[in-house]
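In structure tokens below, several structures.
Look at the two complexes coming up: chain A is in both, with chain B in one and chain C in the other.
And now, the complex of A and B:
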């Protein structure tokens, strides 16, 4: 029973948490790709930037969270989302839009986004230094231990505040995004522009507005993902390097240009990571007498320091066997 | 005053002109048909009118106001609409969503117009919740034309509305075009099926090498032996 609790804590809860974070990043990448037709490499840095804004606001008003009983950074999240969304709109205006206007090939804009990556990383380091920071200043991470009402389960299920928040937030965001894309005028215009940008223009759809809305959504979701990840672990300036591959893998696994695919892809990558670094020896221990081999103390597919290779292999596999992704997106 | 007037239009891609002085005019509630051999600049002319191609010389006017090189969004606001030949629907959007996108610039209640489009194209009414990409060629063309009608335009530009359709569908589409026109919409269209199209045309323009070769009423062009021999297959 304890083994099962261990599995729930280390795979189910961790997978849901990191999967949600990857999903939010991947949705942004997929939306930007379907509207602007380029792979936005600086997306992971928008996530870091969002977390940095949340950290900055937490440092300015550290007492807000304890006053309402939530993590301060979470209370500050709406403001950080607005700041990140504005930053995303202006990054587009300053760096990508002039290139689009010249009608350059998408790869040129991809290169520009790599430049934006380096610039954002430099800026973030300039303001907060290179060390990892805790997002908790006047408060502490809330940890909930749920004791199970079973004789054999002496270990509790452990959930942290940020884990609960991100999972709940993701459910809300999925519903909101679905309603936006299918029920609102601008959401439908986004889908129309993704389908056929030339016809969208001919129909009188204001494509500049659609582009702006895309950046606002992608930027806000990036801020949520970055902030919640930093709340659960810590804020590091090089956060984006660890996020870049998984979120792109998630977008591609789901099928680029397909928002629901990106959500699914996020969880595929998230669970693949947690399952592959999980110590299976713990689950097998009760059966050790029946096994034909000596059970080692740790038995994982991948040592946890090589976790980053997991999305890479999934990416390779999907590109070889199903290049359009699970949900049949646009081929890159 | 003419609804639409194009005078001595020159234009093309890059430095090369494809149009070398095209003249056209259309009164309100008229159907104008552009015919001519491949590469004569028929579709290019429609694109030039709709601001999708740069006009280097000449002028285009809508009700006496210049719309030369105007932005497509601006033209939609001025009650013009354009149906491209290919890729003229949003395939993953439902039929109704396609029509709604046609009404994007409208902030008033367009439900009456939606009903009107369904009455123009009854086959669409049963498929309003179906993705437009799943429809047949003829029905897609109806979606495309319906989308363009949603702003209640005074002039609609159609680029080969019957391209790739079976003869049965072709005559159906022509009939729809007549009823749209009777509802008060000026139509300017490019057609490969020159004879059938000129039959319903008030005005016909025969373009060759980016210039008007013949300009007359549809009926006169059909009866002109020279036109018939060279462009209508005898």
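And now, the complex of A and C:
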């Protein structure tokens, strides 16, 4: 039984957490891809920027969280979301819009987004230094140990505050996004523009507004994902570096231009990562007497230093077998 | 026809030469020549990128990976032989592990052909996945004990002790092989996918080289790598580096000549046609994906050779020394600033950007020290302890800014591509 608890702690919970974070990033990427038709490489840095804003606000008002009973950074999240969304809109205005107006190939905008990546990284490191920081300044990470009512399970299931919050938050965001895209005028305009930008323009949709709304949504989601990830682990300036490949893999696995696909893709990548670094020997140990081979002490598919290869190989596999993604993305 | 020297280009090249001479004058000859040799290695890498981006419009965001493969190959082939490892039993065991790998690859390839004997898809897929997972674990568990005992008993397997040119050549071939597989998968799809895949492959190559202690000594680094020319201990710093510079210069001249011929030949015209209008060239019967694969592999071969030359010159193979900033984005700036598709412009850009890059570090540090000194003097402001390491991040910012600004205001670079029109 304890082995099963170990499995739940190490695979189910951490897979759900990291999957939600990848999913939020991938939704942003996929929205930008379907509206603006380019792969936004600076998205992972937008996530770091959001986390940085949240950290900055936490450092300014460290006493707010303990008063409410939630992590301070989470209480500050709405403000950080607004700041990141504004930053995203202005980055678009300053760097992508002029290129779009020039009518360059999408790949040139991709290059520009790599330039933006470097600029954001440089700025964040200039202000924050290069070391890792904890997002908890005046409060501590809440850890919940759930004892199981079974005789055999002596170990508890461990959940932390940020893990609960991100999973709950993701459910709310999915419902909100679904309602927004299907029920509101603006959401319908976004879907129209992703289907056919020219047709959308001639039928009187204000494409500038749609673009702005896209950046606002993508920026706020990035801020949520970045803040929650750094609450769960720690705030590192090279956070983006470990996020870039998984979120792109998630967007492509789900089918580019397909928000629900991106959600699914995020969880596919998240669980693939946790399953592949999981030590299967632990689960097999109770059966060791029945196995025909000697059980090694560690039996993981991928050593944890090669974790970054997992999203990459999933990406390659999906590009070989089903380039449109699991959910038949529109843009290819 | 009278050869007319283009005014702007000549002026810029003269200005660059003056700047380089000034650098040599200020920092000393040995340092100046070192910068020039490194710039020439970067120029080879940049030529590789200019044919990918300038000739064919392919976006390679993982130059670092191909450069690292080149460096690795230079290390593996030219480093002296580790006799104690080859005499021990471990070399045989390593051979067995490699045989297991070959057998596993053959088996997977065989299982992939199951559709030929009419096995339905629903059965095929689980079989393939299970075979792959089992064989993967078998191979990995075959390698793990051998590599661990190599590391604990002999350090690493050592090099092969071959001449330097062989290391450079194999570096190019290895980089080209990796590029072939990546290109084969991604080139038929949207152009953005190639960028994502190359970005990923670069990180994976680095992770592999960093963590394979038995092959590369990982973070312990391997040095000194043998040089193709007499070293500093025999003929002195300046002379040795000048000899090395002549080797790379000859290499650049050969590559430049070949690329120049290719660019103006039918092959170059076809590449430009594909870049500028993919639809019409495929309507003309050109195999667009095949041509792109060709140019992508060719560019990566050059990157591998350049990376090998760079690692040999530095004399040290350090997997951690490969940074996306220095080995991908700096090269991007060289190419888009110099003029994509213009070989001369690319070489100019490589030397120009590299000189600025090298000089920016002391200049940035000087400015920062003055800032923190004045801040302390005037406002009693105390600079944070990691101020200088933070301040160097300004270079990251400026590289990004240059990329975005050049793309916006001078998309053709300083030396615009010149397309000859034949009437």
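Note that the second predicted complex is superposed on the first by the 330 of 332 C-alpha atoms of A that agree within 3 Å, B and C clash if a C-alpha of one lies under 4 Å from a C-alpha of the other, contacts with A are read in each partner's own complex, and residues count from 1 in each chain.
Just so it is clear, a residue touches a chain if its C-beta (ideal position, glycine included) is under 8 Å from a C-beta of that chain, and two chains touch if they have at least 3 such contacts.
Small disclaimer: the values here were computed from a predicted structure and weren't measured.
Student: Is A:320 touching anything from chain B or chain C once the two structures are fitted on A? First, second, both or neither.
Tutor: second
Student: What is the contact status of A:154 with respect to chain B (first) and chain C (second): first, second, both, or neither?
Tutor: It touches nothing on chain B or chain C.
Student: State whether chain B or chain C is in contact with more residues of chain A in the superposed arrangement.
Tutor: Touching more of chain A: C.
Student: Examine A:191 and indicate which partner it touches, taking first as chain B and second as chain C; both and neither are also allowed.
Tutor: Once the two structures are laid over each other on A, A:191 reaches chain B alone.
Student: By the touch definition at the top of the document, which applies to A:108: first (chain B), second (chain C), both, or neither?
Tutor: A:108 contacts chain C only, not chain B.
Student: With the two structures laid over each other on chain A, which partner does A:126 touch: chain B (first), chain C (second), both, or neither?
Tutor: It touches chain C, and chain B stays clear.
Student: Is A:206 contacted by the first partner chain B, the second partner chain C, both or neither?
Tutor: First partner only, chain B.
Student: Chain C touches which residues of chain A in the complex?
Tutor: Answer in residue numbers: 38-39, 41, 95, 98-99, 102, 104-108, 110-112, 114-123, 125-126, 129-131, 244-245, 248, 252, 296, 299, 301, 303, 305-306, 308-309, 311-312, 315-316, 319-320, 323, 331-332.
Student: Flag every residue of chain A that touches chain B in the complex, lowest number first.
Tutor: For this pair, the touching residues of chain A are 185, 188-189, 191-192, 194-196, 198-206.
Student: In their complex, what parts of chain C are in touch with chain A?
Tutor: Listed in rising order, the residues of chain C that touch chain A are 57, 59, 61, 133, 136-137, 141, 185-186, 189-193, 195-197, 199-201, 203-204, 207-208, 210-211, 325, 329, 332, 336, 384, 386, 389-391, 393-404, 407-408, 411.
Student: In their complex, what parts of chain B are in touch with chain A?
Tutor: 50, 52, 72-73, 76-77, 82, 84, 87-93, 97-98, 100-102, 104-105, 147-148, 151
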